[in-house]
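Only one structure is covered here, and it is reproduced in the block below.
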Amino acid sequence: MNAIPPDIVRAACAELAVTDLGRARWFYADLLGMVVTAQQPGALYLRGLEETTHHSLVLRQAPAPAAARLAYRVRTPGDIDRAAAYFTALGCPVRQVPAGATPGIGPAVRVLDPLGFPVEFFHQTDRVERLTQRYDLYRGAEIARIDHFNVMVPDVAAGYRYYTGLGFGCSETIEDGRTLYAAWLYRKQTVHDIALTGGAGPRLHHVAFFTHESHQVLRTCDILGALHEEARIERGPGRHGVSNAFYLYLRDPDGHRIEIYTSDYYTGDPDHPTVRWDVSDPRRRDFWGHAVVQSWYDEASPVLDLDGTQVPVTAPEHREAGVTVGADGFGVRGSGPEAVPFKAGDQV
Amino acid sequence: MNAIPPDIVRAACAELAVTDLGRARWFYADLLGMVVTAQQPGALYLRGLEETTHHSLVLRQAPAPAAARLAYRVRTPGDIDRAAAYFTALGCPVRQVPAGATPGIGPAVRVLDPLGFPVEFFHQTDRVERLTQRYDLYRGAEIARIDHFNVMVPDVAAGYRYYTGLGFGCSETIEDGRTLYAAWLYRKQTVHDIALTGGAGPRLHHVAFFTHESHQVLRTCDILGALHEEARIERGPGRHGVSNAFYLYLRDPDGHRIEIYTSDYYTGDPDHPTVRWDVSDPRRRDFWGHAVVQSWYDEASPVLDLDGTQVPVTAPEHREAGVTVGADGFGVRGSGPEAVPFKAGDQV
Amino acid sequence: MNAIPPDIVRAACAELAVTDLGRARWFYADLLGMVVTAQQPGALYLRGLEETTHHSLVLRQAPAPAAARLAYRVRTPGDIDRAAAYFTALGCPVRQVPAGATPGIGPAVRVLDPLGFPVEFFHQTDRVERLTQRYDLYRGAEIARIDHFNVMVPDVAAGYRYYTGLGFGCSETIEDGRTLYAAWLYRKQTVHDIALTGGAGPRLHHVAFFTHESHQVLRTCDILGALHEEARIERGPGRHGVSNAFYLYLRDPDGHRIEIYTSDYYTGDPDHPTVRWDVSDPRRRDFWGHAVVQSWYDEASPVLDLDGTQVPVTAPEHREAGVTVGADGFGVRGSGPEAVPFKAGDQV
Amino acid sequence: MNAIPPDIVRAACAELAVTDLGRARWFYADLLGMVVTAQQPGALYLRGLEETTHHSLVLRQAPAPAAARLAYRVRTPGDIDRAAAYFTALGCPVRQVPAGATPGIGPAVRVLDPLGFPVEFFHQTDRVERLTQRYDLYRGAEIARIDHFNVMVPDVAAGYRYYTGLGFGCSETIEDGRTLYAAWLYRKQTVHDIALTGGAGPRLHHVAFFTHESHQVLRTCDILGALHEEARIERGPGRHGVSNAFYLYLRDPDGHRIEIYTSDYYTGDPDHPTVRWDVSDPRRRDFWGHAVVQSWYDEASPVLDLDGTQVPVTAPEHREAGVTVGADGFGVRGSGPEAVPFKAGDQV
């Protein structure tokens, strides 16, 4: 097909369906330190301290937890029409969304993308005050901004073709001679706006928010321990091999997975190289060699189609239980028991 | 004029003339922790740990200290020709530089820009290993990458017009009703690639290198104290009001000023807002209200023209001694003595 | 004299007279993050997050700012009587204080010590909950505990003899062949419980509170900038040569000086060595070579005698304006003007 | 018995038998950043950067790994004789060690203590330069000083009685109505000089070294990853519930376990309270709720008697597999498989 893809600026906003808006507000506003820009009956609109766009997270009261929308900002109003034409040509469901349908957001287009995810493209957004230097308002994880989405798909290679078709660059992969296990893809000049993790999908693996220094991540864990909410700490803190980020994975009150993501690197040069990790390198998932807990690559949030119905999930074709993997989501060598004392160095 | 400007990717490299290459190597490689990619008799080519392009700093033995070159990387080979045409149309001296004239760098064009600075535009560069995860090689300030140039010019408004004409965005300014005292301008998605500081110019105020966390900045000061080289610490560490960066200014053995720059914010959105600081806000220069030492806004490195001759310096038209300024380089309210106990809060 | 001195455990509590209890509460509770253990009309009793003794700071409403009391905890009830006898033998005014006169504190003895300071000795104190792991309550500087007092005296050598007579060890000094400019003295196993700084006295130079990591100190500065209270930052953050602590000096709303003190070293071995800094070493005051602001060694809090009357101040005998000093409080070489660009390295 | 115990100052030195002195030197000097004070054929004597006593770690070439000696410093020379009499009265093997038998150490007494450990008591030690402010020499974990020993014993209550009899205070315990699972005991004013962990013993569980800030711990992990030595990271980094320390457990090339221990609290007050953790509180072992790897409570170093023969090991009487424990070394609820997804919060 020869339709021109929209010029995507960055991953801009995620909408999560939550079953208890009050608990969700505690998690995102009090614990993560995000700021409520707007609220409506049954919905909260939040942003990070550094963001000047209206919001980067929507929490909506619903009967069951799900990922309702992933939104990208596009460069011009015309890119919204470009998006509509592009996905229509791809045979995807496409919906026009009038300005204001989402508070603070202009006209948009929503599609169910070829991977099965509800994706929105918008350009206009109300400007809000950047609170970077309102240190008196900093709380908890002191989230600065949304960083990326991570989605689970059964066919990573297909996802890679789709996103590179949309003009995304590829910063890193996990692969071997035959299979692409995971890929990190970017539009803005960071390691990624979207990561593809192999697994039963379409599901949302996590939404990642950026904070500036590692001590902010440790503080978040300490606060959770103090509140006896330490069970929300699913994995980390640790250092990713892929991306080199200092990471922490939390589960929100509905089980949605959130990554607190610290440090990153610049990817804006024209011939930016792709880092290719071999699936047998134990450090790709955790640079310190720690095993990944089972739940991290088994569990993810279901996604909703444009009518709000859960999208059915497909299992990956090659689930290679013999391959030791982590960040790529394909499991660990052997089953749970062996995984306990599992040390990266033992694999080689 | 209607010549099309080159598509500039980012500030990429600075060349400094130094009088003692051995001492300079100690400062940049041992203390700042930069890595020597290549060396020739009388010249060293260094990069930060995170960089995959051949080098971001050239140190060249010379009889006197000076800033010999500021280099920008452009998006395509065609942008080099575009640069030649653009600056020829501006009536600037323009020189073609063959591939390899600088180790690891392809064909380039050098110009003496309208502000009087020797500026190079190149596209091709040899790829080198990113050492981000070679933590065993980290030393001193653990510099990740070059971040920006800061230049002193007598007419900031003229510099602003020139750089916005080149397609730079403006992240922050210091101004009042009449005068633009300083401006921060970017191409990559950070606060700046170039900053314009009011003062006698053209001179290079400093080159800034990025490191990830504030403790790396503190460590650098501690090492300087341990070596009894604390006199190299000219200003900081502290928090900038402008940019919110955690900063440290050092003077290298030839007196060239280097900033270690930590933390920054994303500027990649199409309608990114400009933060305008009033010249009377004491926090713009140092968010913690500390006075700026006199040397910081009086001293800077002379620059060389395309023949290696020092470019004569012009004083600013409106040097407003009555205005309290710091980051903008226009001095402090009153003279030295009053500056000693000077506290930001006292100004209001 | 042969009276046996009391067995002093540590510096335990300071009482400050403040003119606006509400503003003082903001400074100590909201900004420094101390916890209010008890309050009475006109008085607040606060502690650090790590403390299990009732309080370490008393703020008392008064018509004028002053240091009303410095309290040491002693090992046994008998040490209170020992203190009474010891200071009576020294010819000092001595007062018995009944249990409960200070909330949470048992019987005590108050004296006007030979240096002219109002000093209390107590043993019994009510136990309170240690909040170290209540990270959800951490605020601002996240103060863990009181660390030491720093007092200004005109004759440091006399102060040294008095405190070593009380059984204090000496961790560090600043001196030259003739004069002892400053001394750091300890009972608990840290660098100091009391420091003697040469200058007009008796006056309280500062009370220091301990916090665990340097980023907590930086955060405190950022919050002050955010609130446009940056003028409270008098000196630092920086690294002390003496003690190697990472420090910050703030002025509370009444002008009382508070040090936030991070990192320290163990001094508990029987033959612990004394570090002797030469007054000409520029790093003793600031390991990074920064000049000390004039106010830091000129200004201090007056102290009250046992009747609440201000104790008259005596100037030091040898005020050596020619000596460049900082931490030792004897001024800087030359006057204000030269001090501005002053760099440690220039002194030698 | 009524023999007077020696006045113990602190845990001062550990001697480890290693099979490859070169590899051990890499681990302790290059990775942990300890400094070699002296060396002999087959032996290295190291200290932390902050220590002024001759050494705190001895590495001795031997055919098999073992813990050869745990040494305490005593307050006076007379305490050495007191130690000899005390342990003779206890019926323990006692050996006199002449001055210089260990480089830099005066006369000492060695005993096989009632728990089966080879323990030395010495007073005199040569003074060496404190390198705290030689930041130019800092490497790796930047170890400041030895902090404590942690030993595995089958009967924690018996160990507790023995050590409190020696005059140790108890800062924290893990217990339930019936059993004392673990105890932390101190002489110096920190959380501990010795910890008792329930398990097959006598064995040395780990030696802990103190470093000042958490980023130094993270750096150590990053360096290990860079060298592909990540398998040496056994547990952590994390926050201990007990002690509140930020911890990391490494295994040296011979399998000896080393803890890097950051942050601690003051315990020097006369009536310092004991914190009693219930064995069912999931945070006591890891404040963030992470499960303890099996190896951490199964594996430990054998100890040698005064003739260099391995001391036989006894299993604990009550090994309560049903109790979920970690820091106390009694295992986790259920076996490996359940332990994988194990989250602290799930237990309650």
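In this document, chain identifiers A, B, C and D correspond to the written order of the chains, with residue numbering beginning at 1 in each.
Simple rule for what comes next: a residue touches a chain if its C-beta (ideal position, glycine included) is under 8 Å from a C-beta of that chain, and two chains touch if they have at least 3 such contacts.
Just so it is clear, the structure is predicted and the values come from calculations on it, not from any experiment.
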Q: Tally the contacting C-beta pairs at the C-D interface and at the B-D interface, and name the larger one.
A: C-D
(Q) Among the chains here, which has the CA centroid at the largest distance from chain C's centroid? (A) A
Q: Averaging only over C-alpha atoms, locate the centres of chain B and chain C and give their separation in whole Å.
A: 42
Q. Once you find the CA centre of chain C and the CA centre of chain D, what distance in Å lies between them?
A. 35
Q) Between chain B and chain D, what is the gap in Å from one C-alpha centre to the other? A) 50
Q | Per-residue overlap in chain C, given as positions that touch at least 2 other chains | A | 133, 213-215, 222, 225, 241, 287
Q: Going by the contact rule at the top, pick out the chain C residues touching chain A in the complex.
A: 133-138, 213, 215, 219, 222-223, 225-227
Q | Partner chain D, residues of chain A touching it in the complex | A | 214-215, 218, 221-222, 224-225, 228-234, 237, 239, 241, 246, 282-283, 287-290, 293-295, 335-341, 343-346
Q) In the complex formed with chain B, which residues of chain A make contact? A) 9-10, 50, 52-53, 73, 75-76, 123, 127, 130, 132-133, 144-145, 188-189, 212-214, 241, 244, 263, 265-266, 268-273, 275, 287
